[in-house]
């Protein structure tokens, strides 16, 4: 399978928590950090997800928010990865930002060109990536 | 109503399943396939959704992932439509891909320009569109 | 903290409703309107959200849908703000639209260039912004 989603992070399911409509799945990535995804129960059943199973977190670049100078700020986004900017490609409206988040994982974000400027993003700078659990697709 | 969301698919509600916070709604499209959406209970109540009611699935182009060579891959995205690429518009960062998913329905996706290249997307090629249930807005 | 998310709206928590997996949080903005967000329970616990607490709604520009001529149309998107277009920046694929939604709040949307054209968006025109509750991140 080839996907337009720029971010496909491989790992192992470490937790599956079922609600009435949605299921929360946590995937421990090979590089170390974990990713939390919220999917529908029907999907969780269809994928037969359980602890220890191999699974990937699929994340569209447009679902990734880039943050700098986080200090002690707290956000509800379940997934926050610290990293370093590897590359920035600027367009008239959008900009692509590639972040090295360690453990051999790269996260690609598409943000507005104005944000890329405002945050002073360029290769070598530190930056964090935030992703809501509901923006993540799980693949097996 | 006119919407910036490029994808507005009309159909009939075929299932409404309520949880504590969210409701899952399935809409059978006129062309044949069904679309699953997860919305808040308050919205479901406000829209008075029930089996047989007319409803539309509203989907932003940026919420659509394009996939090729899916083979037997399984993903948690509740909505996967097989189709054919009708058109690709490339920008420096983003690319718009229009897919004919049959039954008279077209799905527009915005992906990164690099993904469009990597997947070799061009008019006439087969490709699938994936959309998370939580990315879909329901209109009546 | 600096964020690539173009929309950070400040306010006060006015409601917290917990489900099995997700929590719905309503934030009353300083300007007047309220914003509903759906986040995971773990995040809600981590942020210690409760009525009266200061909180921000963080919204990516790509999560905002722009609508015109809404008439009596109803949508499941919990957040619909009426406003006026302040600025439009057009690219080959995407367009940025800045909306003044009153109370000193501006909402930035990234939509496709074709939608911006189709809706006839330009400075001074009326337009509404729609955002799904599940697209909103809460910060404290």
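Lettered A, B and C in written order, each chain numbered from 1.
We adopt the following convention: contacts are C-beta pairs under 8 Å (C-beta built on N, C-alpha and C of every residue); 3 or more make two chains touch, one makes a residue touch a chain.
Bear in mind that the values here come from a model prediction, so they are computed numbers and not experimental data.
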- Query: Rounded to the nearest 5 degrees, what is the angle of the rotation that puts subunit B onto subunit C, matching CA atoms?
  - Reply: 120
- If you list every residue number at the subunit A and subunit B contact, are more than half found on both copies (same) or fewer than half (different)? different
- Note on the structure: So, in whole Å, the Cα centroid of subunit A is separated from that of subunit B by 21
- Message: Among all residues of subunit A, which ones touch two or more of the remaining chains?
- Response: 19-22, 38, 62, 91-94, 110, 134
- The subunit C residues in contact with subunit B across the complex are 17-24, 36, 38, 62-63, 65-71, 73-78, 91-94, 97, 109-112, 114-116, 118-119, 130, 132-134
- Once bound in the complex, which stretches of subunit B touch subunit C? 1-6, 19-22, 25, 37-40, 42-44, 46-47, 58, 60-62, 89-96, 108, 110, 134-135, 137-140
